[in-house]
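Please see the structure below; I have some questions.
Order of writing sets the chain letters: A, B, C and D. Residues in each chain are counted from 1.
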Amino acid sequence: MKGIRLESRGEGREVLLENGNALLDGTAHSFREIRRGGSLVALELDGTVVPVRVARQGDRAFVWCAGDVFEVRRPAGRTARARPAGGEPHAGLVAPMPGRIRKTLVQTGEEVAKGQVVVVLEAMKMEHAIRAPQDGVITKLRHREGDLVDAGTVLAEIS
Amino acid sequence: MRTIRRLLVANRGEISVRVLRTARELGIGTVAVFAESDAGGIHVERADRAASLGAGSVAETYLSIPKILEAARSSGADAIHPGYGFLAENADFARAVEAEGLVWVGPPAGAIEAMGDKLRARARMREAGVPVVPGSDAGAKDPADLAREAERLGYPILVKASAGGGGKGMSRVDRPADLRAAVEEAMRIAASAFGDDSVYLEKLLERPRHVEFQVFADQRGNTVHLFERECSVQRRHQKIVEETPSSALSPALRGAMGEAAVEAARAVGYIGAGTIEFLLDTDGRFHFLEANTRLQVEHPITEATLGIDLVRWQLEVARGADLPSDWTEGRLSPRGHAIEMRLYAEDPVDFLPRAGTVLEWIEPAGPGVRVDSGVAAGSEVSLEYDPLLAKIVARGEDRPAAVERALRALDELVVLGVETNRPLLAAVLRSEEFRSGAYDTDLVSRLPREETSPAPPAAWIAAALALSGKAPSGAPAASARDPWESGDRWRPGESAG
Amino acid sequence: MRTIRRLLVANRGEISVRVLRTARELGIGTVAVFAESDAGGIHVERADRAASLGAGSVAETYLSIPKILEAARSSGADAIHPGYGFLAENADFARAVEAEGLVWVGPPAGAIEAMGDKLRARARMREAGVPVVPGSDAGAKDPADLAREAERLGYPILVKASAGGGGKGMSRVDRPADLRAAVEEAMRIAASAFGDDSVYLEKLLERPRHVEFQVFADQRGNTVHLFERECSVQRRHQKIVEETPSSALSPALRGAMGEAAVEAARAVGYIGAGTIEFLLDTDGRFHFLEANTRLQVEHPITEATLGIDLVRWQLEVARGADLPSDWTEGRLSPRGHAIEMRLYAEDPVDFLPRAGTVLEWIEPAGPGVRVDSGVAAGSEVSLEYDPLLAKIVARGEDRPAAVERALRALDELVVLGVETNRPLLAAVLRSEEFRSGAYDTDLVSRLPREETSPAPPAAWIAAALALSGKAPSGAPAASARDPWESGDRWRPGESAG
Amino acid sequence: MKGIRLESRGEGREVLLENGNALLDGTAHSFREIRRGGSLVALELDGTVVPVRVARQGDRAFVWCAGDVFEVRRPAGRTARARPAGGEPHAGLVAPMPGRIRKTLVQTGEEVAKGQVVVVLEAMKMEHAIRAPQDGVITKLRHREGDLVDAGTVLAEIS
């Protein structure tokens, strides 16, 4: 049986599971699955019971453990990487969350100063000003007012 | 006395469920409404009948007065409760409901209007002798006038939409140079959000506390307050943790604020349940901020310490009943301490809303814990609606017990598939500042930035168990509850099957 | 003052979870214990640590004093809470725990023994001036003696095991001819269950009410009562619905019974939380029945109306703290009304226990509802353990509100895969007799036999949807939550996946 | 598409489901499935929303509907019929529930009177007397003391 590569919060692990033993980057742990009605509810890990909950969504697993929630991904090509991870800093002129473009305050070719509001994004009936990360010229406006955009979408390009 | 045989709740999510529950307990027939895209909403199951508002945006469904009234006709409802948000503070809706011959479970349209226009409300309060936050009392539009006004008040100031509320269209201005931009943005937002672009200026009180009073009035004019709720824990001008009693109030101050709250309600001929919000400045002076002319999101903490059902009395008052004598004769007093935590679907770091599918949902329970949820396992959290997932209320014998109980409840909470502000809520409850009781509306900004810890071995192994199984072709799997994902040998039902 | 750093709860299911929750709130480390076959039990997840008691029967695990003590040693626990049942009223266990140098969260072994032997307890109570049910006060074994005793008391009489409790080994005898068989069966059961075959006779009070008082004492001898619980709704001598206050008590009677309860506790040098059970006869006279020297199953209704945490004070008293002054100075009084419903896995018609797998489990929630559950979705309900699935407590502003709230909670409850007594609970709450408040322990036998209605169209269609899908080869499916069973097009996660 | 035969509480139905229409013993209903995360939570039946929950276990479906729970079976040969249905009256000398035989108070060939205790069954640490349904002679004792028996098991035969 071969291990699988997993990533979470910017870290990676090679995980190999084999009859009651787990190798995490070569470190061995003995474990037992404690299930209720087929659901994993706890792991007995090196003799200690650790409550866990896990839900899978495509190539992602969400794991609740000790009150904290971890999103663990199994790298599977571009689609996985394209998805923004929660908590990661949001890049320059990128939509910080899914929403609707309420207003575009600049035009292509227009000069903008750092901090200047370029786009107003509306989400949850609240408005959020998206500002220029640095001085420059708008080389491209990707969307129109009213467009629905996903988190991480590049809204405009600045040279 | 008017009778209510069947109540339609013109709302969705947790507050719709909240109201439907009490209506059912009172033996009143219930009607839920739903947008087609929201047919799987949890409120749809909680009523005797559910009426579709058809497809479309919020404006075309939950905000559509004609659609709501049509649902009331088709379902034979004779009363409407608006919950909070949506049409709850819309005077035209209140009038339309009564014009239809239905019982409106809310304050008179006139009271909604009087409090809805912030400028009018400020003026009315001043007449009534209720102290208001220093500010301009004309909805000026000329930048020059506003600039002079700002100089008079002294920076920093707040630009507010006259028709606004809940921090919407509000912005802080620290220096004259930024005033114009702030005013223009506020006017644009106000115009689009409220159809009224008039704005005004308010002196910004530094490090204030936000303390509100629950008021209640019956149709005979009996008007009382039901003590305070401390709402200073906010992010982005929105409350996330509320508690009662407030550590900031001496008995004398509580009495004075309570009287002012009752005066405020009387001044607009208030009937039913309402909330008077005050700002408490660092000198211990209180100032009228605004009134919420509906059931408040955080009403459960008042129910927890007083042992009453506020929705029951909204319905009783709407039917024409008098307030209970132990309310009007001051025999009702708080017992213990209660804290509400608002669980939002949002990024815990930048507080921005998140959408997604709730893959796992386990609520805390047990002694002293009440959960009013807006979602369940499998629910879709969409950007169309408020990101409030649930209200978790912890009541204890005293404040420390309530705080520890609240943290215990957060320990038991499991939400997978959608990011939540749980880490922020825990950080607030663990902070020395909150525990000291001496905090203000800037508490969240002063919280120590929490280090996110890397996943422990158990998390990697659990993830590997879930991800190593091959997903059924064509579709990702729901959760480890799905035996085909969990890769275990024992299967539910086998032993009995 | 003794310190408690880590508490081991020597129990399982809902009461283990109940105690673990409060311990965590008090900042005390927690240890759960589990039999290997019970590793998926919900209490295992609720502690900081979980210690296995190994494989085997209840006698070899939860009832094994050596195994429990070994678990305490290995987990570093310095205190033990027994919950109820299992070893809770075992004086030898209490002594063993203290001999081990651990804090015993319960009454002194001597008090357990004094109350545990029914004959000794009756004698002690009579000395203390507490009225007892008329009966024989010697553990006679000679049938002839018992026959004479029965004649003296007059039929019908009850045969009881001296070491028994909770109706175990108890039987009613209406005529002399049946006495011998009843005594022999009682002795056999008593011998096997308690290792003591002595039995005694009690006059059977017709249509009595079963009213108990919560008592509490600290180590300094402060002893108080915390009002009553009405426990007359029973089937097979076991409580299924409890409420407080009791409609049967006038203030004067409540005072007299409360005093008697305190006297009973003092008479045996009681410390901690206990319950004194009385029978109230049709003439309004009360008689000591028995004492439960532990936390009572139905303690949550007392917590609901008094706003206190009884487990917190069990732990405080065990640490040596005094009772709160508002308890000892009589400033604590009930507010509102609370009802507990015991949800059992049993046949709703003949009340016999049922085993199975919980395929779906949805708990009621919202205002005034508390659920203490012993199972969750997927749990195996086995005959090895108590069939109590959950305790559903409803609190309302008054008795009618609490009754309607309790029914609302039952409406929200969903349990699939195991039969429950939900229909019986609903029938009790809907019955005129219960609603009148004037009921007795025979209420259940007088309930109108409910007609079971045939499945409505929606049920047939839902079943067809679940059953028409082909089950994955080799195993039955878990539930409609499994997308391969539900046969729908949309799949969880797809939209976000 | 062919219909399926279902049974519940002693009644039977022929159910045929076809794109939004259901035929129950020939009576037509229009319905729509309302699901949450793949789970059926309600049916819109002839225009009315009816909350339901359903769980499948082998050839049985448990359905919660309007506060009541219905066990619906798809007859599938002997195994299904052998299972006792909840709420059905329990026949004579049959174990009314799963449990352990605590004591057998008679012997084969012994005469018993109606109402006489024949077997003591223990379940949930409580004892239940199983009595003779009529006068007669014990012709067969099926089990020994200590045996675990399932609900519906015949414990003894009386001629």
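Convention: a contact is a pair of C-beta atoms (placed from the backbone, for glycine too) under 8 Å apart; a residue touches a chain by one contact, two chains touch by 3 or more.
Just so it is clear, the model here is predicted, and its values are computed rather than measured.
When the interfaces B-D and C-D are ranked by C-beta pairs in contact, the top one is C-D.
Averaged Cα coordinates give subunit B a centre that lies 38 Å from the centre of subunit C. Averaging C-alpha coordinates per chain places the centre of subunit A 49 Å away from that of subunit D. Distance from the subunit C centre to the subunit D centre is 28 Å, each centre being the mean of its Cα atoms. Counting partners per residue, subunit A has 35, 37-39, 56-58 as the residues that reach two or more other chains. For subunit C, the set of residues that touch two or more other chains comprises 355, 357, 359, 377-378, 411, 417, 476-479, 481-483, 491-493, 496-497. Chain-to-chain contact here is organised irregularly, matching neither a line nor a ring nor a star, and falling short of all pairs touching. Applying the touch definition to all chain combinations yields A-B, A-C, B-C, B-D, C-D. Looking at the complex, you find that subunit B touches subunit D at residues 39-40, 42, 44-45, 49-50, 357-359, 376-379, 478, 493, 496-497.
Partner subunit B is touched in their complex by these residues of subunit D: 34-39, 41-42, 44, 48-49, 51, 56-58.
Subunit B meets subunit C in the complex at residues 17-18, 21-22, 24-27, 46, 300, 303, 307-309, 311-312, 335-336, 355-357, 359, 363, 365-373, 377-378, 380, 395-397, 401, 404-405, 407-408, 411-412, 417, 472, 475-479, 481-484, 491-497. By the touch criterion stated above, subunit B contacts subunit A in their complex at residues 168, 185, 188-189, 192-193, 236, 347-350, 352-355, 357, 359-360, 362, 383, 386-387, 410-411, 414-417, 419-420, 422-423, 426, 452-468, 471, 476-483, 485-486, 488, 490-492. Looking at the complex, you find that subunit A touches subunit B at residues 4, 6, 8-9, 11, 13, 15, 17, 22, 24, 29, 31, 33, 35, 37-40, 43, 45, 50, 52-59, 61-70, 72, 74, 86-87, 90, 96-99, 102-103, 123-129.
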